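Going by the order they are written in, the chains are A, B, C and D; count residues from 1 in each one.
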Amino acid sequence: MKTSLAVIGAGRIGQIHAGNAARHPAIQLAGIADALPQPAAELAARLGTRVLDVEQILADRDIAGVLICSSTDTHADLIQRAVAAGKHVFCEKPVDLDLARARACQKAVEAAGRACLIGFQRRFDPTFAALKARLDAGEIGTPEALTVVSRDPGAPPVAYLQRSGGIFKDMLIHDFDIFRWILGDEAASLYATGSCLTDAAIAREADDIDTTAVTIRTVSGRLCQIHTSRRAAYGYDQRFEVLGSDGMLQAGNHRPTEVTAFGSAVVSTDKPEHFFLQRYEQAYRAELEHFVAVLGGRETLRVGIADGVKALELADAATRSWREGAVVHFGA
Amino acid sequence: MKTSLAVIGAGRIGQIHAGNAARHPAIQLAGIADALPQPAAELAARLGTRVLDVEQILADRDIAGVLICSSTDTHADLIQRAVAAGKHVFCEKPVDLDLARARACQKAVEAAGRACLIGFQRRFDPTFAALKARLDAGEIGTPEALTVVSRDPGAPPVAYLQRSGGIFKDMLIHDFDIFRWILGDEAASLYATGSCLTDAAIAREADDIDTTAVTIRTVSGRLCQIHTSRRAAYGYDQRFEVLGSDGMLQAGNHRPTEVTAFGSAVVSTDKPEHFFLQRYEQAYRAELEHFVAVLGGRETLRVGIADGVKALELADAATRSWREGAVVHFGA
Amino acid sequence: MKTSLAVIGAGRIGQIHAGNAARHPAIQLAGIADALPQPAAELAARLGTRVLDVEQILADRDIAGVLICSSTDTHADLIQRAVAAGKHVFCEKPVDLDLARARACQKAVEAAGRACLIGFQRRFDPTFAALKARLDAGEIGTPEALTVVSRDPGAPPVAYLQRSGGIFKDMLIHDFDIFRWILGDEAASLYATGSCLTDAAIAREADDIDTTAVTIRTVSGRLCQIHTSRRAAYGYDQRFEVLGSDGMLQAGNHRPTEVTAFGSAVVSTDKPEHFFLQRYEQAYRAELEHFVAVLGGRETLRVGIADGVKALELADAATRSWREGAVVHFGA
Amino acid sequence: MKTSLAVIGAGRIGQIHAGNAARHPAIQLAGIADALPQPAAELAARLGTRVLDVEQILADRDIAGVLICSSTDTHADLIQRAVAAGKHVFCEKPVDLDLARARACQKAVEAAGRACLIGFQRRFDPTFAALKARLDAGEIGTPEALTVVSRDPGAPPVAYLQRSGGIFKDMLIHDFDIFRWILGDEAASLYATGSCLTDAAIAREADDIDTTAVTIRTVSGRLCQIHTSRRAAYGYDQRFEVLGSDGMLQAGNHRPTEVTAFGSAVVSTDKPEHFFLQRYEQAYRAELEHFVAVLGGRETLRVGIADGVKALELADAATRSWREGAVVHFGA
C-alpha cells in the first residue's frame, strides 16, 4: 500500500522532493505539475511519472498528499485549495510573505483538519535533530541561551532579492524557526539590525541588507542571538549552540570528507558542505519520510502551519525593528 | 537503456547490493538467487524482482552482470562460470581462501576478457578516495610510510571464525588492499605477529588471533604498519595516514552527527559510525555505480581480480609469518 | 640594567603580577604595598622583596613603574598620583566605575605624558593575538561581523556583585575591549538585554543580571554580538570569531591536555582551562613583558587609558540600554 | 631551604635545565661546568651563577644534585663519579651507547644508593602524563595495543648522525621508554625495519636509516608498533594511542594557538609545536620539579637508570633486527 503523492513545482526544490519521492519504496509519485510545460515534462520523464495540472491533482481521489514547491506567492492559495480538496499538504517555506494572508491560510488548514507540513527541513537534519533530542532529554538542564550562526556561500541575484520579502523573511525565517524549536519558548521582545556589506546593489536596488544581527528575549527570559550573512567565502555555515544550566550543546557543520592534511604551512580539513542542497540532503529525505509517516498515522505532525505563521511573525517584527532602529515588544 | 544485473546471495551483503541496485535509476534488477529459497523470496518480494536460480541467471542473455554475494567457498566457482557465460562480475572479497584456486580463477577471468570487480569497497569510501586523489595529485610529494588502524566493534561468532580462513584472510584482506592501493607499491618483505586478547575461545576453538601487528617493507623501501583488533569498545575504527616527503594526509572516521557536548566532566562528540554497513554505506553505492560505469564503457575497472589475488598473497604470507614467527621475503 | 617596578595590591591579581615580575630576568621587584599589612608581608616574603607603602613607592626615584592591582575604587586616584610622581602605570581594569572620573583620570595621564597600560590582558593571549595579527595582515579581507562568547565557570559571591558596578562594567568590559580591538572600529549604536537565570539572588540582592546579549553596530556598519553568562558548567569559555569578506577566523579555548578518550558512549577531550588564571597565564606574562618593553622604549603602548575609557563608555551604554529596554545611539 | 644543584654541560639541553633551575624558587643553581670555557661563562653570566669545573662540583658538599647535560660519551663516567661523590644525578638520555657500559653504570648507581633520574622527559609531558594516569586508573580496562608515531621536523647533520649510535639509540630510545612506561610490560620479541628515504647521505655517510617501523610483542602478548621518521614537513609529530579492553586513549600534538581559519580552499589550524624545545617545555620544567621533590624526599624516583638500560637493550635489539632482517627474541 503505497502513499500516492503529487508535486506542484518542478524547480530546484521541486526536483529534490520529487526525486526523493520517486526513489522512496513506500511512495507512489502520481505526477508533477508546473506552470511551465517544459520543466514539468522533463522532470516527469526523468522520474518515470506523468505531467498533471493542479486541477487534475486536486481532483484525483487516489492522491493523498500534495507537495507544494512552486513560487512563494502561490503557496497560500494552493494550500487552501489542497486542504479544501481533502489533501494533506507539504509546503515549502514561507507560507506567504504577508502575515495576514498566512494567518488566513492557517485558519483554513485548521478548519479542514488536514496535515500541513511546512518545509523547515533543518528540524530534520541529523545533527540538529540529535541535539534537540538530547536537549529534551535534559542533558544540559534548562536551556538559557541560544547562539545561531547562519551564513550562505553567496547572495542570490538582486532580481531574486527584490521579490524575496527581504532577508528576514527570505533567509532568517529558518533561523526564527530554529529559535522557537530549540528554546521551546516564544519571543517577548526582538531587536534586529544589519548592514549591506557584501554588495552595494543589494541596498541600492533591492532596499535590503546582507548581514544581520538579531536578539530575542523570550517570555521566560531566555536569550537568543542570530547572526547571518549572505556571503561566506568558505561555504555554507550553519551552526548553533545552546547553553543550559548543566552544560552546552553545539551543532556543527558537516564536511564532505574526513581527510586532514598536514602541510608545511597549516593543518587543514575540508570546508563545510557547499550549500543547502548538500548539507540538507539527508534532512530533505527525512522530512519526506515524516510526511509519509504522518499520512500513515504512524507519527504526529512535527512542524505545522502554525509554526510557519509564528516564524513569519518574527520575520515581520525583525524587518520592522531594523527599519525603525528600535526594539519590538510582543504580547499583552 | 538500463543495465540488467542479477544478485547471487541474499545474505547481509547481498541485501545491501540488491537494495542499491533496485534503487538505482540505471539498473534493472533482473533477479536474486540464493541456496535457500526463503531469503531469496523475501528479498525479491521486498525489492519487487524475481527469484532465479544460478543457471537461469547465467543462461539469460539480457543479464549483463552478476553480483556474487554468496559464501566465500562458492566465489571462485561462480566467477568462473559467470565469465564463461559471458557475464561481467562484481564479486565480494575474498576471491577464495586458497591462493592456487584464486590464481586459477584469475586466469579464467583474464582469458574470458570480462570485468571482474572485487568488492574492496573501501577504495570507494569518500574520505579514502579523496585522500588517494590528493596523494596522486602530489599534494604531499612522494609517499614514504603508511600507518593503518583497523578495528571492529566486536568479533563474529567463533563458528564463523572457524571457517573464515583466519584473521589475515578474513579481516586484513581489506587492509592489504589499502596498502597496495595507497602506496602503489608491492611488498618486498612482511612480518606479522598477533595475540588472542579479547576472547580465549578464538585461540582455543578457532586456532586464531584477534589482535595483529603487520609490517610491510616495499620493493622501493617504503614502510607500512597495520594494526587491527576484533574489538573496539567505541565502535568501528577505520583510519590511516600517509607520510610523504612534503607532508602527511590522514583519513579519519565518520561520525553520525556533528553535535559536540560540553558537560561538567568532558567535552564530547559522537563515536565513529557503528560498523561497516553504516561507515561504508556511501562506498557500497559508489562501488555499484562504478560497476555500472565499467559495463557502460564509461570507466575502466579500478580494482580487478588481480588485486584480489595480490591481497590474498599478502594474507597468506602474513599467516605464515605469524605461525612461524619469522619475516617472509617475497620475490626472486 | 633591570627595570624597577613596585606592586600596589597583594590580592589575587596582585600576586600574579608580582610573581611574574619577581621571576622576570629584566625586572627588579622593588616592593609590594597593600592596605592590609598581612597579605603584603606574606607576598613580599615569598618573592624575596620588601613591603612598602604607597608614599614610599611614589617617592622612590629608582622605581620606574607601578602596577596597580588594588580594589577598583582606588584605581583612578592611584593612577593620578603615580603619573604625577612621574611613574609609568600598569593598572588593572577598569579605570573606574564612574565614567566622568575615568575621563578626568585620562586627562591627567595625557597631561603627564606617562604610559598607562590598562590590564586588558586578553589582547596578549597567544590565540587572540595571533588572530588579530592575521586579521591585520589581511588574511580574511575586510572584517564584517564579530561574534563573542564569554562565559565564566561560576558567579562570584553576591556581596562582590553588589560592589561590582554591574555585569556590563565588571565582566563585559573585557568583551567591549575585544570588540574595539578586533574590529578596529567604534560603536554607532548599542543594544543590550539580559536576564537573571542562574541565581535569583543576583537580581534580588545585587539588582544585576547574569546572562547577557549585546549587539553593536559600528560607524562603518559592521556588526558585533556579545553573549556572556556568569555560569558555564563546563568551565571558562572564551571564544570569538570574525567574518571577513574573504573568510573567517575563530579563536578557540585552550585545553589542559591533548588527550582524546574513545569510550563506549562518547569520544571526549578535556574541558577548557578552568578559569582566567589558567587561561590567561601566558597573557599575564606577555602583558608585563610589553610593559617592560614600553618602559625600555622598545615598543609603543598597545592599550592605554583611552582604551579603558572607551570600554567603560560602552559598558555604561549597555547598562543604560538594558535598564531602559532601548537602543542607545552614540555620537552626533 | 633551597636545593643546591650544579649543571655539567652548557649546550642546548644544558641551557634548558640550567635556565629552569635558575628560575625555580626552591633551587639554588650552584654553578655550571663545561669542557669549553666560553659557553659555560656565557650561560653562568646570563643566569647569575658561577663557572665551576667538574672536580669543584663533586667536591662541594653543599651541592646535592648534578644535572649531566654533556655529550653522550661522558654520561656513564660522570654518573659513576657523581654517585661515588654522594651526589644525586639527573642525566640526559642515553646512559651510554654501549650496553655493557650502561649496565656497569647501573650497578654503580645501585651500589651507591643515590637517585639517578634519566631524562626521558616525555613521561612528564602534561598530555602523556595525563593519559598514563587515566590508563592506570582503569579508564580503558586492560591495555592491549600501543601505536606510536614519532617524527622530527628534519634530520640533524650527517656528522652528528655518524656519532649518534644510529637512529634506534638516538631517536627511538624515547619511544622504547614510552612503550615500557605505557604498556607496563617487557618485550618478548622485537622486529625492526627501516629505510633511508629523506637523504641518501644518511645511508651513504652514516650507514644509518631515517624512517623506521618497529614491532614489539610483550611477554603477556600485548602489541606495540612504533613508526618514526627524521622528517615531517609539518613539524614535530609526537603522538600515541593505546587500545584497551574498554576503549582507547589518544595523546595528540600541542599547537601554538587555537586559531582556526576558514578560507576559500580549506579550514585550517596551526601546525604542531615546531620541535622538542617547544613541545616539551613544560615537560622539562616538570622533570626538574620531580628531581627536586625526589631529593626532598617528597616523591619516589619515577624513571631511573634501570629504565635507561632497558630502553638501550631495546635499541640494541632493534639495531640488530634491522641489520639482520630478522626477529629478535628476548629471554630464555
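To be clear about the criterion, a residue touches a chain if its C-beta (ideal position, glycine included) is under 8 Å from a C-beta of that chain, and two chains touch if they have at least 3 such contacts.
As the structure is a prediction and not an experimental result, all values here were calculated from the model.
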Of C-D and B-D, pair with higher C-beta contact tally: B-D
Most remote chain, CA-based centroid, reference being subunit C: B
Intercentroid distance (Cα basis), subunit D paired with subunit C, Å: 40
Where subunit B touches two or more other chains, by residue: 140, 232-234, 237, 246-248, 261-264
Complex contacts: residues of subunit C adjacent to subunit A: 140-141, 144-145, 147, 149, 151, 189, 191, 193-198, 211-213, 215, 217, 221-225, 227, 229, 231-234, 237, 241, 243-248, 325-327, 329
Complex contacts: residues of subunit C adjacent to subunit D: 23, 126-127, 130-131, 134, 139-140, 246-254, 256-264
Footprint of subunit B on subunit C - complex, ascending: 232-234, 237, 261-272
